[in-house]
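Letters A, B, C and D mark the chains as written, and numbering starts fresh at 1 in each.
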Amino acid sequence: MICVLKTHVPQEKEEELIRWLKTQNLGVHVSRGEKQTVLGLIGDTSAVDADLIESLDIVEVVRRVSEPYKTASRQFHPADSVVDVGGVMVGEGLTFIAGPCSVETEEQVVGVAKSIKASGAHILRGGAFKPRTSPYSFQGLKDEGLKLLSLAKKETGLPIVTELMDIYHLDLFDDVDCIQVGARNMQNYELLKELGHVDKPVLLKRGLANTIEELLMSAEYIMAGGNEKVILCERGIRTFETATRNTLDLSIIPVLREKTHLPVIIDPSHATGKSSLVPPMALAAVAAGADGVMIEVHNDPIHALCDGAQSLTPDQFSALADKMRTIREVVS
Amino acid sequence: MICVLKTHVPQEKEEELIRWLKTQNLGVHVSRGEKQTVLGLIGDTSAVDADLIESLDIVEVVRRVSEPYKTASRQFHPADSVVDVGGVMVGEGLTFIAGPCSVETEEQVVGVAKSIKASGAHILRGGAFKPRTSPYSFQGLKDEGLKLLSLAKKETGLPIVTELMDIYHLDLFDDVDCIQVGARNMQNYELLKELGHVDKPVLLKRGLANTIEELLMSAEYIMAGGNEKVILCERGIRTFETATRNTLDLSIIPVLREKTHLPVIIDPSHATGKSSLVPPMALAAVAAGADGVMIEVHNDPIHALCDGAQSLTPDQFSALADKMRTIREVVS
Amino acid sequence: MICVLKTHVPQEKEEELIRWLKTQNLGVHVSRGEKQTVLGLIGDTSAVDADLIESLDIVEVVRRVSEPYKTASRQFHPADSVVDVGGVMVGEGLTFIAGPCSVETEEQVVGVAKSIKASGAHILRGGAFKPRTSPYSFQGLKDEGLKLLSLAKKETGLPIVTELMDIYHLDLFDDVDCIQVGARNMQNYELLKELGHVDKPVLLKRGLANTIEELLMSAEYIMAGGNEKVILCERGIRTFETATRNTLDLSIIPVLREKTHLPVIIDPSHATGKSSLVPPMALAAVAAGADGVMIEVHNDPIHALCDGAQSLTPDQFSALADKMRTIREVVS
Amino acid sequence: MICVLKTHVPQEKEEELIRWLKTQNLGVHVSRGEKQTVLGLIGDTSAVDADLIESLDIVEVVRRVSEPYKTASRQFHPADSVVDVGGVMVGEGLTFIAGPCSVETEEQVVGVAKSIKASGAHILRGGAFKPRTSPYSFQGLKDEGLKLLSLAKKETGLPIVTELMDIYHLDLFDDVDCIQVGARNMQNYELLKELGHVDKPVLLKRGLANTIEELLMSAEYIMAGGNEKVILCERGIRTFETATRNTLDLSIIPVLREKTHLPVIIDPSHATGKSSLVPPMALAAVAAGADGVMIEVHNDPIHALCDGAQSLTPDQFSALADKMRTIREVVS
């Protein structure tokens, strides 16, 4: 960590700061220039509050030289991680996660599961506990929904991923292969800490307004507890643009490749909010090097009624899957 | 709710949609223009998924005419709400909430409490459970911190507000007068639902990237459960600007005045992240009509060492409090 | 245009508004519901100030049903436009625009031009007039730079695209095949109007904080003047993320496909600001259906010294071009 | 300027970089730590391209220690600047700039001018050349509008400020006391350079997505040309919030106070887009220490018809002006 002092700082202020830094168990390497002094802080700086130091009157700027995350960092773990989700090796080849937004009926979820399996999907997604902006909106089928997902898993052999909103629902998740942490809970640190002690893979979605570094820090919360089976997922960030629901930040893929060894999945369905935009963005994700995509697929007649929503039909998904496989061959 | 169809929609598609809307227990008032049809949806639209309808192929745009929140809305509750926090009536006059960011020692928290009381503060703030970006940063004194807050309350008579990060810590909060929900948990719906059943006021902080409407929907989650003692708090939003930690959105004050009856508190300390910016923004908040401000104050020698951080000294707070009271007189 | 009135608007206010709208040469179709009235405004609404009407006390919301742009809209021009840039047909097949950020020396620009031509590039880019944040930074070689571009064009036969910052430099641009309008000038309306009378193609870059609709409105400024040879270019938008210089919004590609007939080019070099991110984002752009990419390439030893900057080397560009062509075949 | 190298950089790469930096006329102070090397760049770094250096493979981070602007910086000009606008000293006391958005008729502009003068306004604003998103919207009365402003000036003695969109209109601006550069032209560098040679004050509006540092760099463009009479104006930035047209960033006031000696004006009318929000935000601006406010006022019956738009009536402005003066006394 580098701490640049302001110009013309009184000598005794500078020395007080250095003494205080040393009480934090940091080595301090002082480099005095003509105009200003630069302090190099040596040791375990991951617990240092850089904002606090930067806010001090005599400090110009503080910059980390090593990243604030360790277990998630590629620096200490150069090889790509592969996460085993019920036998599917995420991070090895291209993984397709597909399924309906919400679990609604046995017919729906089993029907969709069969059709996506036929198109080559590897993992079934589906929401049982639903985070909704309004308390008056449908909140999901909850434990009933989890049972229907289990049924679909039994029928098709597809492992399942579904969202956990509170750690105290965990005992309902026995048959779930991968626990999803939704965008709104990405910085629910109590939940993350608990997931650090769970022996299941976690699919961690980036929050709507969270930086890539914050995403990695949230992964670090889970990994610091001992659970290193973390999959990262980009699902769009909030910007001023309103033509799409959110702005899918695909540059996260090469950026994460450099910074971390964890697998990266892209969810173009929630990002764009519109089915016609999903296939081009899914193809782009694969071209940019994603380890997989997560796509909403349904065969629900209400939606089909108007050909609408953000979900693809099973046929559209099947055609898209073919193209994604071909692009993967080009880029790998 | 108004639903504008696209031009040249086939008659049968339009009718299918209308039939489906009616199955959702909505009255549908159809207005056919020369080029397009406008549907007025009548009844309880608060559970309707506007995004889903807007995503349908034949729909141009969906707009709510009534707000999606009810209990929080000024429309159904025209008079300003006043929330009783341990005898302090928030929403009646100008409330000062002050105290240290984190509770550290008895000496610190009791010392600060006494000094802010002398300057006219009404409520003591202080963090015992701290949401930190890094798992390696100090996570707060937890139950020990709560005990120190109680001590400061006993010594000064000031009611206390402090953050709850998980509902399962609730039994430790018996002596807490007002529960804070932090910005990162604003859409932790399971937590909000539980707080709907608690008989304590809740200070709900706006998320870093949440709209004013989403803030009100989160308030609605708590209120829908029966707990109507909600205080709203702006603490800065995330924008492209980096000169301040976040961008304090003071226009939220008059906007919330029009939309809701709930009291509005401004936290300029977290928004700006720099003590020299706190007084001007606190004065601005009062001038714009805030019901109160929440300000970090400490008398910690480490910080005082370099005159730094985002916290004011007790003396700075005292001078600021005087000016805020004078401005309040001008605008009320 | 649909104008939804508030509930309980006095009859005479409503009638005044309708009379006033009619004086604006609009037909008004009134639909009175139980609670509120909806006005359908018929006629040429492209000059109507929707913000003004929405700001009126009795108006809830105003929404355009037809887009505010006409010449740029796919609605009135269903077939894709192809723009002839010195014989290169942009919008037909995949176009590669490449070259150095700034024109520096004859050796540099001619050298780069030859190498990119060998790799299959179609158009040479290079800045002669440079918009720089600081008045003290290098402002480009100006007319001297334009002469060097001409020389490179003569040597290679590649048409050239370069930025025009002020219409009064236009007579220097005789040998330029396509005029670039930079992101900072996207809403310099006086410049756009003048370009409407110029008989050269215009490459219009999206502003850092401009919506897709605003980009199309700026295209409309040029087209309304008679010059319909407009090429749109995405080069990243400003968001809270700092890991990349800007956030490349690739979803603009399918969104523009639906809204306009104009060709769409992606510039991953300026968006990401880092050469290692350019190839994955260029491949993603092609996978999402872009008509072309614009990529910085240099063979400048100063940069090569440290393998750095956002520019690719000629060899890197050549390898990338091969992959882009293969992906294009998959998606078209 | 501080340049932190990555860890484990080969010695010869490091030396090559240092040699190259020295060819840029920079002194280089090398500080080698255990793990990484820090270079202090000494000399005139305002022309150095920090982005380029940061993009080099061996460089971790580059940070300016001195600001990239000089003439605008308070560091070299500690006293507040006062700008003389037709006899009104902006930066000395509290300045009110008021008037209609667009100049429409003699009756309108003279009528408004008289009424705002009676309420204590110091400068008349009014748009003659209007930057409009749509080429089909009203573009202003242009030279005719300037003549009406002159007339209002003659009748009331109020100096006038109005927007210049192209330097080639300058000879029409003889009677204008202060030239406004609109938000969309904040980085139209050719315009800024020309204004550096004009002997009139310039009111420079912050762009919708421009940082405070970029605003100061644009001021520097004008000042570097010799015209130091620059007034800065905040008019709202673009964020994800849609309840207000833009988000008024009032923290710019204390931030600019620290960084620059130039006067700061706030425009709450364009920022909020809604008249009911203007008075609270204007009061907040004064409380935060603004040198003045710029407020839209009209007495146009079409608007008055529905009590609407973002403009205040003369009576509302008069009441607001009284309160602003009182708050100014409290904070100064």
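The rule is simple: a residue touches a chain if its C-beta (ideal position, glycine included) is under 8 Å from a C-beta of that chain, and two chains touch if they have at least 3 such contacts.
Owing to the predicted nature of the structure, the values given are computational and were not obtained by experimental measurement.
Enquirer: Moving only to chains each one touches, count the minimum steps from chain A until you reach chain C.
Expert: Step count on the best path from chain A to chain C: 1.
Enquirer: Quick one: report the Å distance separating chain B from chain C, using the average Cα coordinate of each chain.
Expert: Computed from C-alpha means, the inter-chain centre distance equals 39 Å.
Enquirer: How many angstrom lie between the CA centroids of chain B and chain D, rounded to a whole number?
Expert: Between these chains, centre-to-centre, one finds 31 Å.
Enquirer: What whole-Å value do you get for the distance between chain C and chain D if each is reduced to the mean of its CA atoms?
Expert: From the centre of chain C to the centre of chain D is 26 Å.
Enquirer: Which residue numbers or ranges of chain B touch two or more of the other chains?
Expert: 209, 238-240, 242
Enquirer: Taking touching chains as linked, do they make an open path (line), a single closed cycle (ring), a hub with spokes (star), an all-linked set (complete), or other?
Expert: Topology of touching chains reads as complete, every chain touching all others.
Enquirer: Given the complex with chain C, which residues does chain D contribute to the contact?
Expert: 13, 16-17, 20, 44, 46-47, 49, 51-52, 55-59, 68-69, 131-138, 165-166, 168, 184-185, 187-191, 193, 207-209, 214, 217, 220-221, 224-225, 238, 245, 273-275, 302, 305-310
Enquirer: Quick check: in the complex, which residue numbers of chain C touch chain A?
Expert: Interface residues on chain C, with respect to chain A: 209, 211-213, 237, 239-244, 247-255, 258, 271-272, 276-277, 280-281, 283-289, 323, 326-327, 330-331.
Enquirer: Which residues of chain D touch chain A in their complex?
Expert: Within the complex, chain D touches chain A at residues 2, 4, 7, 29, 31, 33-36, 38, 40, 42, 60-61, 63, 65-66, 209, 238-240, 242.
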